[in-house]
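Multiple structures follow.
Next come two complexes built around chain A: one with chain B, the other with chain C.
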Partner chain A sequence: MRWRAARRSRSIRDGVIPAGYDSLDEYDTAAEVDAAFRTLRRGALGYFAVFLVAVGGVPGLTLTLNWWSEGQLIGGMSPSFVMAAFGFYIFFWLLGLAAASLSTAVEARMLGGQETDPAEREGGA
Partner chain B sequence: MVDASIVTLVVVLVVTLTLALAVRPKGASTLDFYLAGQRVGVVTNACAICGDYFSAASFLGVAAAVYASGLDGVWYATGFAAGFVPVLLFVAAPLRRFGEFSIPDFLGRRFDSATVRLTAVAVVQLVIVSYLVPQAVASGITWELLVGHGIAGLPPYATGVLMSTTVITLLVVLGGMRGTTWTQAVQFLLLLAVLVWLAAAVLGSGFNYWTAVDDLAAQPLANPSQADGRWQLANEPNRLDEGAPSYFGEPGARYGSLGQFALIITLVLGTAGLPHVMNRYFTSPTGNAARMTTVWVLGLAGLFYALAVMLGTAARSLIPEAVAGRPWLGALTVDGVLRVPENALLVLGQVYGGQPGLGLIATGALIAVMSTIAGLLLASAASWGHDVYEGHLNPRATQRQAIWAGRLAVMGVALLSGVLALGLRPESMTALLPSIVASMVTWAFALAGSALTPVLILAIWWRGTTAAGATAGMTTGAIVAVGMFSTGLITADQGLAEIFLTPTLISGPMAVLATIAVSSRTRPPAELERLWLRLHGTAADRQTERLARLTITGVSDRPKEAP
Partner chain C sequence: MSSGSLPLAGALAVAWGAVYLVTQVVTEPALGVGTTVLAGVGLTLLLTLAYPSALRGPRSTRSGQRPPGRRGVASRSRHTIAAVGRPMPLRSGLTAEAAMRTARLLRPLLGCDAVAITDREGVLAFVGPGSDHHNVGDPPQPRTSARVLAGAGTLVVRSRRTLGCAAPGCPLRTAVVAPLAIGKRIIGTLTVYRVDDNPPSRDVVEGMAGILSLHLELAELDRERKLAVDAKLGALRAQINPHFLFNTLNTIASKARTDPEEARQLLLRLSDFFRYAVRQDGHFAEFGQEYFFVRTYLSLEQARYGDRLRVRYDVDPRVLTAHVPVLAIQPLVENAVKHGLANKVEGGTVTLKARVDPLTRTTSIRVSDDGVGMPPDLLKKITSEAVSTPEGIGLRNVSERLDTLFGERYHFDIRSKEGEGTSVDLRIPLG
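Presenting the complex of A and B:
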C-alpha cells in the first residue's frame, strides 16, 4: 500500500495525473472509516489515560509523599515544583507528538487504500 | 519618562492596526471573514492560536497566581498548557474534517438540529462574555499603572477598559478572521519576545531561580489584606494542614486536597470547549494540519508558561529588596508584597527597564488582552452572524448582510463586556481570589468544560449521541457549573468553596451522564454513516493535499517568461 501511495505521489509530483485516474476525487469506504475510527479511539483513550495518571499523579504525590514536595531535586526546588514548573510541559509536548504521529500513521495505513492501482489493474507488478 | 512607555504602546497599536487593515479580506465572503479562506498554515495558525489563548490570565494572571500562592498558583500554568492534550487527542482533526464555521454550527449539523445549534449558541455566548470581562479588567489594571490618569474625565481604570475594547472592536470589524489571524500571530510573537526580554533581564541581574524557591520557603507565605481599613500582611493559612502556615514551594496556600484536582480538571477540560480557540481549527486546510498545529501549540505553550512561572517566582523574591529607594513601589506594596498580584510583571518591568521597560510589559499585557478579545469577538460574530442570523433569522441573507450581522454582534458583545468590567474593582476581590483575572477566566473554562467539551467529545467519538442527548448535556453542564460557582462565591472561603469555584470535576461528569442517559432513549440522526465518513474519513484531506501538490508542481514547472 505504501509502495502504491509512493508511486501515485511521485506521478503527481511530476505534474501528471496517472493513467486510469479520471479525476482527483478521493473517497473512503464506511468499513475502512469504521475500522480506522475504532483504532484511533483506542489509541486516543490510551494516551489520555497516561495523561490523566500524570496530571492527577503529581498533585496526588504532593498530598501523600512529604519528600515529593519538601525534598530538593534541583537547587532548592522540590520534585513537585520541578515537575510543575518544567517537567509537565516537556511531557505534554512529547505525548502530543507521539499521539499525533500515531494517529497520522494509522490514517495513512488504514484509509485511502481502496483505489486500485492502474498498473495492478493491468496485471503489472 | 511616562511618555516613553506610552509611545511604545502607541507604536505597537498602530502596527497591529495597520497589519489588520493591510491583510483584511477584500471582496469578502463569509468564508473569508470567519475562517480566513481555510488556508492558514500550521505554524501561522499555532502562533495565532497562542495569541488567542494566551490572554491576560496567562500573561499577568499566571505570574500573579504564582506570586500570591506559590506552588498552588503554578497549577494554573499546568492546567492552561495541559488543556491542549485532550484537544489534540479528541477534537482537532475530526472537528476540522467535519468543517463548518463554529462550535454551534458543528453541533447543529452533526445532529441536524436547530435546538442543539441554538443551545450551543447560548452556551458559547456565556463563555465568551465570561472570558471577555477579565480581559477588559486586565486592560483597566494595566492602564491604571502605566498611565495613571484617565481621558475625558474618566478614571484611569475605566479609560483602559474602554480604550482596549474600542480598539479591538475596530480591528475585528475591519479585519475579520484573515486580518485577525495575522495580527494574532504577530501579537503572540511580540508577547513571547517581551516575556523573553524580562526573563533575560531578571536572570542577567543575578537572579538564581533554583535557590530562590528554597529561599522563599524559609518563611511563611504572607499576602496583604485589609483589616479595619488598614493594609497589613497576613500569613496564608495552610489548607492542607489546619493551623500550620503555608510556604511558597509547597502545596496548601490556596487549595485543599480536592481543590488541586478540581482546578486542573477544570482547566484541562475547558480548553476544548473554548469557542475562540476551537474556531481557529476550522481555518486549517486539513485535519492533519489541525493536529500538527496543536503539537506546535503544546511546544509554544510550554515555553511561555515556564517563563511566566519563573517570573512570578522572581517577582516574589526580588520585589521586597527593590522597594528601598523606589517610592512609587512603596505605594503599591505592603512590607514589600504587592497589593494587586497582577502588577507583578509590570513592576519587574519597571524595576529592570525603567519607564520603557514598564511600557514594554504593559504593551505585552495589552497585546495579550487585545488578541484574546479579538478572537472572542470573532467567535461571537460567527455565532450570531452565521449560526443565528444566517441560520435562523434570515436564511436567504446575502454574504454582505451576514457579515454585517456579525459586525453588529461584535459591537454589542464588546459593549456588554466593557460595561460589566467597569462594574468590577479588582482590589475588592483579591482577598477572595488568588488572581482576579486568572480566577475569572477559570469560570469561563468551567462553563466550557462542563457544557461544551463533554458533548463535543461524545458527538465526535460516540455514534449513539443524539440531538436530545446533546441538548440535555449542554443544559445540565451549564446549569450545574453556574449554580456551583455562584454558590462558591456566596459561601466564600468556607470548606467546599474551592470545589464550587472550579466545578468541572462534578459538572463535567454530570453533563456526560445526562447526554448518555437521554441519548439512550432517543434516536441518532438518520444519516449517521455519511456524517461519520465526514468526521473520521480522510478523503477530503487527501484531495486537498493532492491539489496542493499539483498546484505547486504546476507553478514550479511553468516556463519562465522572457525578460
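Presenting the complex of A and C:
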C-alpha cells in the first residue's frame, strides 16, 4: 500500500526520509488526506457562501433601502459608509478567524494519530 | 444540503414568494420595502423555529388520555393512587433516600399515621409519630417485619403488644406489614401504622406494596439492561476477529523485509487500533475518535488487500464533534470489507458518509460498498433478531446497543442488492 505524508506543522526530526515520504513523524493514507481535503473544501465553500451573501448584501441594501444610503449614524456617516469603512474589516477578520479555527480543528481530527504518551507508544504500559 | 434542510428551503422560498405577492402585487398601493422585508424575516423565523417541532410530530397526548375521574378525585390528584406512578422515587432502586421520599409520599396518600420501609438489613425510612425512637438503621422488628421478610406474607397487627415496640410512650397501635418483592424474592417491607385500634386496610396496603414492588422490579430491569449494554460493549471489544490479527501480522511480516518503514507504520497503526478498542469506557465518543478507529482499521485492511480495497470518506465538518455510540461504526465497515468486498475478485470501494442535520438535530452515518451484495433471503436472515448468523453478530450487537441507548429515537436500515453492494444507514439524535 502506498502511504503519503500529511504536511503537518511538526518539524521533521533528524533522520533520513525515505523517497516518497514528506515526514518521518506520521503518515496518513491517500484516502485520509483526500477526505480531509474534501471536508476542508466543504467548510471553505460554506464560508465563501457567507462571504458572498455579506458582500452582495451591501449593494442589495443600497438598491432596496433608502435608509441604508441616506440615514445618519455616528458622525453623520451613513450605514453603508460605516459598513464599508469598518464593518467589512471586522466581518472579514471574524470570518477568517472562524474559517481558520474550523480548518485547524478538522485537520487535527481527520489526520494523524491520536495524542498518546510517547513512552507508551514506544512500548511502555 | 442535508435531506432535512431541503424541505425547509422549499418552504422558505414559497413563503417569500407569498410575501412578495401579498405586499407587492395584491396590495394596492404596494407596501414599502421595509415592511416586506420585515414580514419575510418574521415568516422565515417562524418557519425555521417551528420546523424541527413539525418533524418531531405532535406532542405526546398522554396527559389527555388519563381516564376521566370524579371532580373531587381530580382536584385531589396529588393524593391519588395514580400519583404514585409519576414521581415514584423507588424507580431508582431501594435506597435509604428513595425509601424516605416514598414514605413521605405515601403517608398522606394512604391516610395513615406512620409509614416505614425496610430492606432485609434494617429500617430505611420511618415517617410519622414514633419517629423519635423508630430510627433509620434499626434492625427489622422480629415480630412483624422480620416475619414478613421470612416469607410469612402480609401481616395485620391489631394490638400494640404484637407490634413489638419496646418504647413505653410509643403511640402506634395497629399496623399492616406487606412484603416488597422482586419476583419471588422478598427484599423489604412496607409497614403502615395507625395510632388507633382500627388497622389500615390490608387490601390497600397490599396493593400499594404491589405497586412499589413493580417499581422495584422495573429498577432491577433497568440495572440489568445497563449491565447488558456494558456486557455487549465488552463483547464487541473482545470480538475483534482473531483472523484480522493473524492476517495483519502476516502482512506486516511480509513487509518487514521489503518495506521496513511501512511495516513499522502498520505496527503503530495496529497498536493504535487495539489501544482505542480497549480504552473506551463510556458508551459515547466523538465522531472524530470513531473516525480515527475506522481509518486505522481500514488502513490495516488496505495493507492486506492492496488496490482491491479502495476507501472514500465523505465527512461533514460539523459531524466531527458529534457524539456517537462507541465502536458502532467500525463493525459496519468491517462487514463491508469482509462480506462485501473480500469475495469480489476486482475489489471495490467502501464509502463512509457522515452528516449532521442541525434542524432535525440528527447525525446520519452511511457505510456502503459496491461489493457482492446479499440475496434477499440472507438479508432477511441477518436483519431478523431471532436468527444468529456469523455475518449478523456485529450488526445485531450494534443494533441492540442502539436500542438500549436511544429507545425508538434512532433509525437503522440495511439495504442490499445482489451483485451491486450493500448500504447501512444509521441515524441517531445529535449529541
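We take it that the second predicted complex is superposed on the first by the 88 of 125 C-alpha atoms of A that agree within 3 Å, B and C clash if a C-alpha of one lies under 4 Å from a C-alpha of the other, contacts with A are read in each partner's own complex, and residues count from 1 in each chain.
Note that a residue touches a chain if its C-beta (ideal position, glycine included) is under 8 Å from a C-beta of that chain, and two chains touch if they have at least 3 such contacts.
Every value quoted in this text rests on a predicted model; they were computed, and no experiment measured them.
Legend: residue contacts after superposition of the two complexes on their common chain; A:Ala84 is shown touching chain B, with no touch to chain C. Using the contact criterion defined above for the overlaid structures, shared-chain residue A:Thr39 touches chain C, although it does not reach chain B. When the two complexes are superposed, the chain touching more residues of chain A, out of chain B and chain C, is B. By the touch criterion defined above, A:Thr62 reaches chain B but does not reach chain C. In the overlay built on the shared chain, the residue A:Arg109 is in contact with chain C alone; chain B does not reach it.
Residues 27, 32, 34, 40 of chain A touch chain B in one complex and chain C in the other. Every residue of chain A that touches chain B in the complex is listed here, in rising order: 9, 12-15, 17, 24-28, 30, 32-34, 36-37, 40-41, 44, 47-48, 51, 55-56, 59, 62-63, 69-70, 72, 74-78, 80-81, 84-86, 88-90, 92-93, 95-97, 99-100, 103-104, 107, 111-112. Here chain B touches chain A in the complex through residues 71, 74-75, 77-78, 81-82, 84-86, 88-90, 93, 208-215, 217, 240, 249-251, 257, 260-261, 264, 268, 288, 291-292, 294-295, 298-299, 301-303, 305-306, 309-310, 461, 529, 532-533, 536-540, 542-543, 546-547, 549-550, 553-554, 557, going by the rule given at the top.
Those residues of chain C that touch chain A in the complex are listed here as 33-34, 37, 261-262, 265, 268, 271-272, 275-276, 286, 288-289, 291-292, 295, 298-299, 302-303, 306, 310-317, 320-321.
The part of chain A that touches chain C in the complex is made up of residues 1, 3, 18, 21, 27, 29, 31-32, 34-35, 38-40, 42-43, 64-65, 67, 102, 105-106, 109-110, 113-114, 116, 121.
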